[in-house]
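Two complexes are shown next, each including subunit A; its partner changes from subunit B in the first to subunit C in the second.
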Partner chain A sequence: MKTSVLLFTLISFTGIFSLQAQESNEAATILEKVDKNLSAQNRIFESSMTIHGRRTSRTITSKSRTRGEKEALTEYLSPASEAGTKMLKLENQLWIYTPSADRTIQISGHMLRQSVMGSDLSYEDMMDDRKLTEVYSAEVIARDTLRGERVVLLQLTARSSDVAYPVQKMWIDAEKFVPLRQEMYARSGQLLKRVDLFDVRRIQNRWFPMRMVYRDMLKTGGGTEFTVTSIAFDTLIPEHIFSKASLR
Partner chain B sequence: MKRFLLKGILKDKGRSLLPVIVVSLGAMLTVFLYSWVKGVMGDSIEMSSNFDTGDVKVVTKAYSLQEGQYPNDLALLDVEQLLKKLKAEFPDMDWAPRIRFGALADFPDSLGETRAQGPVAGWAVDLLSKDSGEPERFNLPAAIVRGRMPEKRGEVLLAENLATRFDAGAGDTFTLFGTTMEGGFTFVNYTVSGTIRFGTTGLDRGAILMDLQDARAAFGMEDAAGEILGFLPVFHYDDRMAQEVVSRFDTLLESENSLLDQDPEYSPVMLTLGRQAGMAEMLVYAEAISGMLIFLFVLAMSIVLWNAGLLGGLRRYTEFGVRIALGEDKGHIYRSLLWEALMIGSIGSVVGTFVGVALVYIFHNIGFNFSALLQNASILMPGIVRPAITPAIYYIGFIPGVVSMLLGNALAGRGIYKRQTSRLFNELEV
Partner chain C sequence: MLTFTLSFKNLMGNGKRTWLNVSVLSVAFVVIVFFNGLLDGWNKQAETDTIAWETGYGRLSHPLYDPYDPYTLADAHGIPGLPQEVIAGEQALPILVAQASAYPNGRLVNIMLKGIDPAQSLLALPSRWLDSLPEGIRETTIPAIIGKRMAESAGLEAGDRTVIRWRDVNGTFDAREVTIAGIFRTNVPTVDAGQLWIPLETLRQMTGMYKETTYFVIGEELAGSSLWIGDKAGYGKWDYTPLEVLMEDIENVVEAKKGGMMVISALLLCIALLAIFDTQVLSIFRRQKEIGTYMALGMTRAKVITVFTIEGTIHALLAILLGAVWGIPLLALLRNYGIPMPDMSDQAGLAIGDRVIPAYSMLMILSTVLLVVITSLIVSYMPARKIAKMQPTQALKGKLV
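Then we have the complex of A and B:
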């Protein structure tokens, strides 16, 4: 009798541990698939960003080129007041050039947490292009449906301290492996931002969301709508683009 | 009797001079210290009014809820029209549109690259108009440490501490990087015309002052302003007067629909200084502290003068005894003592109040300069403090001067009724 109870307990614990290990593996696999869809060696895209302020809404269009996780150049195309302004990211540094003042200004420190052009995105949000698997460990916390799609809800916990959001929740399309919703939390558990992702399309053998709605939960306003109007992955970008000389 | 007593007081200086001097000194000190306490408290509130709150302030409803963040996206629009109405409705008041902002100041090296940068808290006020009262409100000519006042567009004043930290001075240029009213980027180059020090850490840490038109151009705020400050035509803030202005403004808004925004959130509202963040508590605190100090001082002076009256009365016991012996009615002696006290108290109070008021006027014009002591203060305190001129200075000295003198003598005079002629003869060794 005693032996059978012991055996049953052992089998139960082993089962629980193996189930946990399986879920952890599953979460890591899902995150890898998400990275595969969203990350690329090179990327060129044009986008429009509509900022719904409390009083007015305005749209800014831009063209961005990124290489890996560490280099990016964005040029603002319209409206006229912003046209010609460029932002360059090199490693962890960010420069902005504006033709109106003919100055290149480096943005650093706490300024990186400020909003970009009154939007719900911060410079930090725009700069952090690292793969999720590099930064977070994941666990599956639920399975659900969102906007009619089957989703897996992952909780991501940052492995290092150099991240803007120590904890994230991500509702991932269970078939396309693209996040349909993201919630970013502070260490205290306060919800800081929410992103809803729409219009997932098949582009160059990957799934990619073409429209994102950002909400800074600490701000009043109607959120920021970010729409990718055209995108090309893994195309050749000349070396000189990612240098300070290209700002002027 | 009264004329006889007055003659006695005026001619018998040995009896009246000392009490009159004591009462005069007491009344004078009371007047001056009352005025001083009111002045210190009033000047602190006045400084907040000049720099931050105005005596009244017009903002949008939405702006008023987030005022500490300078939300210029919620600023007032059609400001010229609103100003015209305000000036017509309240011609005695001074109205000043302002823009408060937070931005990043970036100082370039010789190659135009970022050499130093830091956040700044800015005031955009009318610096260049000839009839503007703003430079005086900020006490700018006296606050300039290096350089000069801005004389043309594109010139700004920078806090001396900030300039030292960035190794910048008059003539240097920098780029201000901020956000427009609509949320866009703004990068504008400015020249430092001079550096300023207000004497309070809070302001000197990162203040920048520029002309209103420069800020309007930089932040895309043509014919807009974050706030319009209104200043009452009195030296120190008067809450009742400010509340009257607010209720008249509310009536004006009801009759002038053109001043209202389609969205009530962006319609103008007027707030008194006392209704702005932290100021209600400050007003209550200032009232309580000044009231307590004045009460304690008047009480102390009253005790001193009461004691003087008491001693004066007691000194004259022998005289009262002789007068009783000569057949004078005790009630008549007591009444004459009180009349004398009233006359001495009144003469002393008039003289003391006159001298006190004269001193108040003199020091109100000169002021006491405490700037050196306030260099590390983190709250808004004026560097130069002046005694306040209020209606109360003309009567406050009479409280200890007349009332206490009268009370002291009344108390001392009670002895008249206990006076025995036989004891008097004993005292006089007859």
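Then we have the complex of A and C:
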């Protein structure tokens, strides 16, 4: 009798542990697939960013080129007041060229934490392209449906202490492996930002969301809508683009 | 004495013209005293309040700390190499500063989080209010005190709760609720606008900057110690800023204001002196026969010039007396009630109260008296020089030289 109880307990524990290990593996696999969809060696995209304020909304269009996670050049195309403004990110430094003043200003790493043109995105949010698998460990916490799609809810926990958001929740399309919603939490557990992702399209053998709505959850307002109008992955970008010479 | 009596009688003989000149000059005199008193009062008030609320008698700051550049705050924190008895004593008040965002009523407001010891007594900030929250609230939220300007701009009242978001030493976001334990009134906007004061140890834990400080406010006794003389290595290469340097901004602004006030005072004085000058020119022109008679009776030219110069200068002395008669009660009244300042007057970041109390020092009044007397003497002498060229016979005939 004792032997059968012991055997049953052992099998149960083994089962639980193997189930947990399976789920952990599954979460890591899902995150890898998400990374495959969202990350790229380099990309060129045109986008429009609509900032919904308390009273008015304004739209800024831009063209960006990014290489890896540390180099990016963004040029604003409209409105006229912002057209020609360029931002170059190299490592953790940012240069901004303003055509009206014909001046290039170098900004320290801390400036990357500020809001981009009054939007709900910080420069870090916009330019940080680190792979999720490099930064977070994942865990499946639920399976659900969101906007009619089957989703897997992942909880991401930062592997190191130098990450802006220590915890994230991600609702991932169970078929396309693209996040449909992302929530960023503070260390205290306070929800800080929510990103809803829409219009997932097949582009160059990957799924990619073409419209994203960022919301600072501590602030009232309609958030910031980011729409990708065209995008190309892994195309050749000349070396000189990511140099200060390209700012003027 | 004869010269003075003669001059005085002549002046009184001029009647209304004399009293008109004296009145104008008395206005200029009182206005100059008032303007100087107002600026001296502001300067004194600003310095006293700034010392009491913000600077103490010196500041020891992290080498990277720049109060005019908030981007330096992320790196400007550490532990200075000060002796433990100095750090733990009441004469060095540690302040830790971090950038943060507050969300009062769903609005994003960039703020400066400042950590202060609730038990401190070095600054006039009512930090003891940080310990005044009732149990139950104290455990779940962070107590904070804010100034009236911050409360008005953020729409917060005592007892209100709001969420603040900050980054710790590693750049990781954190957010918690704060409860406004109290709202203080101060004339010093640099400890008020855009700032939220919370307990020092709480801020250290929130940011992971354990035992660290951005700057120390130094008390009067410690500021006078020999610790700050010599090598910086004595206090871990931190920067010590003495009181004179901390007060430079206030003094520069007051000096600049004094420049503007001096232009107005000079214009007023010029108008009054021009009247005296005109009177002197007219007197010499119209009283040529009198001048000739003085000379014919044996007065030297120098003596006649002295009579006319004193005549002009007595205007100033009478103006000072008249100014004292109506100016002293008026200036005393203004000192009692103060001069109300407009609401926006402290937007430049300098300490200025709701009312500025003018300060009239004896030195300032005496220097103004001297200024008025000497300038009157000069403008009275200039036309009188003509007398030196007069021939007594021609003067008696009333013919100009």
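Note that in this section the second predicted complex is superposed on the first by the 246 of 248 C-alpha atoms of A that agree within 3 Å, B and C clash if a C-alpha of one lies under 4 Å from a C-alpha of the other, contacts with A are read in each partner's own complex, and residues count from 1 in each chain.
Definition applied: a contact is a pair of C-beta atoms (placed from the backbone, for glycine too) under 8 Å apart; a residue touches a chain by one contact, two chains touch by 3 or more.
All figures in this text were calculated on a predicted structure; none of them were measured in a lab.
Undergrad: Could you tell me whether subunit B and subunit C fit or clash when both sit on subunit A in the superposition?
TA: clash
Undergrad: First (subunit B), second (subunit C), both or neither: which does A:166 touch?
TA: Once the two structures are laid over each other on A, A:166 reaches subunit C alone.
Undergrad: Scan A:119 for contacts with subunit B and subunit C and give back first, second, both or neither.
TA: In the superposition, A:119 contacts subunit B only.
Undergrad: So, A:56: does it touch subunit B (first), subunit C (second), both, or neither?
TA: A:56 sits against subunit B, while subunit C stays out of touch.
Undergrad: After lining up the shared chain so the two structures overlap, which partner does A:205 touch, if you call subunit B first and subunit C second: first, second, both or neither?
TA: neither
Undergrad: On the A-aligned overlay, A:85 touches which partner chain: subunit B = first, subunit C = second, or both, or neither?
TA: In the superposition, A:85 contacts subunit B only.
Undergrad: For A:103, using the defined touch cut-off, is the partner it touches subunit B, subunit C, both, or neither? Pick first, second, both or neither.
TA: Only subunit B; A:103 stays clear of subunit C.
Undergrad: Of the candidate stretches 8-16, 44-52, 80-88 or 278-286, which in subunit C collides with subunit B after aligning the structures?
TA: After superposing on chain A, the clashing stretch of subunit C is 44-52.
Undergrad: Return the residues of subunit A at which the contacts from subunit B and from subunit C coincide.
TA: 54, 108, 111
Undergrad: Could you list, by residue number, the parts of subunit A that touch subunit C in their complex?
TA: For this pair, the touching residues of subunit A are 54, 108, 110-111, 113, 158, 161-166, 184, 186-188, 190, 192, 216, 218-221.
Undergrad: Which residues of subunit B touch subunit A once you look at their complex with the stated criterion?
TA: Its residues touching subunit A are 62, 73-74, 104, 106, 108, 112-114, 117, 119, 175, 177, 179-180, 182-185, 187-189, 220, 263, 265-266.
Undergrad: Could you please specify the touching residues of subunit A with respect to subunit B in the complex?
TA: 51, 53-56, 58, 60, 79, 81-82, 85, 96, 98, 100-106, 108, 111, 115, 117-119
Undergrad: Any idea which subunit C residues touch subunit A in the complex?
TA: On the subunit C side, the touching residues are 71, 74, 101, 103, 105-108, 163, 165, 167-168, 170-176.
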